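Each of the two complexes below includes chain A, the first together with chain B, the second together with chain C.
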Partner chain A sequence: MLEYRVEIALWAISGIIPFFMLNIWTNNNLNESINISDLMLSRYFLCAFFVRQFSVVWVVFSFEEDSLMGKVSPYLIQPLNPFLRYFAQHLAEQITRFPFALIIAFFFFIFNPESIWIPNIGILFLSTISTFLSFLIQFLIQSIVACLCFWTEKASSIERLLFIPTLFLSGLLAPVVSFPEYVKSWIYLTPFPYLIDFPANLLSGNKTNIIGGFSMQILWILLLFPVFKKIWYEGTKKYTAMGS
Partner chain B sequence: MVKNIIDVRNLSKSFDISYKEPGLKGTIKHFLKRQTKSLEVIKNISFAIKEGEIVGFLGANGAGKTTILKMLCGLIYPSEGSILVSGYLPFRRKENFLKNITLIMGQKQQLIWDLPPIESFYLNASIYDLDKFEAKRRIKKLSDMLEIDDELFIPVRKLSLGQRMKSELLAALIHEPNILFLDEPTLGLDINAQRNLRQFLKKYNEETNSTICLTSHYMKDITSLCKRVICIDNGSISYDGKLDLLLKKLSPVKEILIICRSEEDAFQLENLGFNVKNKTKNEITIKVENKSITSSLKTILNNFDIEDLYINEPPIDEIIGKILIKKDHDI
Partner chain C sequence: MNLRKYLKVYTKFLHTSIASELEYKTNILIDLITAILSLIGSIFLLSIFFQNNGTIGGWDFEQALIIQAIYTILNGITNTWFNPNLTEIVKHIREGTLDFVLLKPIDSQFFISLKKITPSGFLEIILGFCLLFYCIKINHININTSFLILFLITIICSICILYSLWFFISTTTIWFVKTWNATEVLRSFLYIGRFPLNSFSFSLRIFFSVFIPIAFITTIPSEVFLGLSQSWKIMLEVVVAIIFIFTSRKFWLFALKYYSSASS
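Moving on, here comes the complex of A and B:
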């Protein structure tokens, strides 16, 4: 079972992009241009790391593999949508990652003791909710892309196209506030800033529009869910039970 | 009167298949302008299956047996025609319909690889809304029937193929379905495991009056379980009826080995007009049509001094094998 523990630890460690980005930002004094202090920036990237840990989704890859190997067939004749299985798997893995994420945070605070803070319970609760909503948005987006497996064998290639805006516009590499004003207004209309930027700002105590952020998260879920239902319904009609 | 639980009328299924020429030129052509062709794999078939029946689907590889099973259980959408299974349209996959059926595909597993089977059983029990007490009762009952016990607590990846198959069966039957679709359930199992599985299915059918639709290339599965067979040839039904009638139809002659007391009797017998297969000193093997067996035996026993006599049925494998040869359309 050692390999599974190592795998989970490696998964947790693989999400440390925000710490690299923090290093780049602070070493080059880039934060001065956006009026965020070193302290708030380091908290932001730590929170971005946490939000990422609990909202990362890989359902498109799992579904694509299962679909090509014929593993989806037994799931399809059970009275449970197969995506709920993947949903449960993601939740289970998030719980498993939690201790590893805490260990990484512990080391972060050792090297950045000035960043230590305890968010108040209300903020903690709201950011937990917004992280879960962020996970739901990402899960729905990837599930819609995963359903394209019914038409094409390589739906994950389409997901890679989505990965680029997710990386740049979600706040993983830079807080969205650092973008020029005219770009920002467009970015906030997409689902991307509500994946990392909004929950991370909320948790780290940076200034953010809480009601606006939650409204957009819920709006995107309400928009994506019927799209998923429709594409699932149409896709299962096209299913050929490949590989079985 | 026993009601029909499966009713299939004028069912057809076509798949779009893309073709690619070999080499770089073919790849570029395929990338720029993909050529597809509609392939009709099931052609206007109709049949009905009664509650409690065990029906075997026979046919060569690619004949369309598995496609029929997949349509019956709602996994794939039919192109034309109608299917009613237990009063439901399978492809709509209504919850009550799904709770009534199961599909078992040899070598395809639903058990969670890294966990003991018992975990998958409880997961399935939750999916089918069984409470823990009822799930425990069913797991106990089925594991007794399947003769698996300790294996329930060993990770699936550590189990042998036979143990895994039994666990798969348990997982697929925990909701006590009325209709079982079995696609090559004994594939890859050793002789003992195959026999055990067949015994289990027979017992399950007797105890629950469940309907079983089965495809298998192991003839023993068909002969020991199915009274009725449906032969599929190139997407069409070439025979639908009792297995023993099919065997008679395909093998209208029996071989009779006669051991005479004298060589002279054997010689006279040879010249009596029978279809002689072979002859050695006082032993002679003749081929007789099924309908003339009684009269032929009467003639032989009344006129010759016979030491011993054997009537040989041709091996069933050989007979059914004829169905699997695509050239043989005259069933």
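Moving on, here comes the complex of A and C:
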């Protein structure tokens, strides 16, 4: 992984959209209406950046390429689910990302020195867990989509479709509390706010329902895991290797 | 004579790439839904911004919708032409197939920039135009010829700048083979083209007009739409576009000198 330092640094830079959003929010005093101070909002978006960095998933694209190239066949013979292989890849890359994310945070604090804060160990621990759970939810959703490769061969367009609600509803561009009432009434039942909004609120010290958030995250994992097992089981039966 | 040859080659390109895209018909349907949802999503985001504020950076909600419409059109153009072709450059370089392109008796930049087409991007362009017509209606804009000509000029300049930005970034892979996701960085920067330039702080405004001229791409055509644009801004955009196109050409020829094909 260390071989691809530039690549990973570029991925880290490509995640800076939350900072542009922060700029729009504070520059137009939009946050006054939602009762979040500039300071808390800047912490929120910094945390959203971090959570996004450590929960981003691209297993569909890897799997689609491997499946189109016929590389899945040797993986299937091995006595290990190939998704564990992708899972390990993701974890390894997240660890290599850590220093780059820290550098970006460092620059952020240079420009916004007043927003420096140190979360206590307990909060840090809890938010790491919730970020990991958010990563797990996204990994499961994408793995389910990736398994559709067995039927359609091009699953990445479905993933792009699913990415749209993730982008707009997860809290990456605007905190979920700022959403209008008619969206807030149902959004907490979907997995989206638990992907970025919940861990970011937890880490930045904004108000959030800790127990409710964790239980929803675990509930979604428990719901998605059997779906993945089922679709994987059906898909491998359906699988016909390229050129056979 | 020469032009005719290029036109003929281009129709062949169109034919083959549309034929290959139609192999995946359900994909086109999914892409249509994606384009619609993404437009709804960005209007939703905009409505959050305007929830308790009348204006952002001096733009009303109805006026900001024009920027959204132009962004959608340009994004459609990016998805139709730039994205499929220019991400391919990276692949050509990594796998050494750029040799085959260079050997062809045709301009390599032409070949590499227009070979493929993704028809599902058209849907986004159409959506963008629908929104634009709606904006004309709600903003009570009278259309006349001088306005149309100015709009056409600015939008063509925007397309030129956008193309050159993509082309620059993709060409740098000749030196750094592994930077295929540099286009992803560009994509995330382009994202801010959805919002009026004035809604950003001063330093970011400078950054987005000098270093990466994203500001020019959507804000100036929208200002033309509202009749707010000063003529020096339009002139500036034309100059910037010409400089960008010209240097992208020079840069490509320069970069090719450094191209050492794979295994040689």
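In this text, the second predicted complex is superposed on the first by the 239 of 244 C-alpha atoms of A that agree within 3 Å, B and C clash if a C-alpha of one lies under 4 Å from a C-alpha of the other, contacts with A are read in each partner's own complex, and residues count from 1 in each chain.
Everything below uses one rule, namely that a residue touches a chain if its C-beta (ideal position, glycine included) is under 8 Å from a C-beta of that chain, and two chains touch if they have at least 3 such contacts.
Quick caveat: nothing in here was measured; it's all calculated off a predicted structure.
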| item | value |
| --- | --- |
| Touched partner set for A:L76, first chain B, second chain C, both or neither | first |
| Which superposed partner A:I116 touches (first chain B, second chain C, both, neither) | neither |
| First, second, both or neither for A:L219, with chain B first and chain C second | neither |
| Partner chain in contact with A:I24 - chain B first, chain C second, else both or neither | second |
| Partner chain(s) touched by A:K237 [first = chain B, second = chain C, both, neither] | first |
| First (chain B), second (chain C), both or neither touched by A:L102 | neither |
| Of chain C and chain B, partner touching more chain A residues | C |
| Partner chain in contact with A:V6 - chain B first, chain C second, else both or neither | second |
| First (chain B), second (chain C), both or neither touched by A:A92 | neither |
| Chain C-contacting residues of chain A that also contact chain B | 4 |
| Of all residues in chain B, those that touch chain A in their complex | 15, 70, 73-77, 91, 93, 95, 98-99, 101-103, 105, 108-110, 114, 124, 127-128, 172 |
| Touching residues on chain C, where the partner in the complex is chain A | 24, 26-27, 30-31, 33-34, 37-38, 41-42, 44-45, 47-49, 51-53, 56-57, 176, 178-182, 184-185, 187-188, 191-192, 195, 199-201, 204 |
| For the chain A and chain C complex, residues of the former touching the latter | 4, 6-7, 10-11, 13-17, 20, 23-24, 26-30, 32-33, 152-154, 157-158, 160-161, 164-165, 167-168, 173-174, 178-180, 183 |
| Sites on chain A touched by chain B in the complex | 4, 70-71, 73-80, 236-241, 244 |
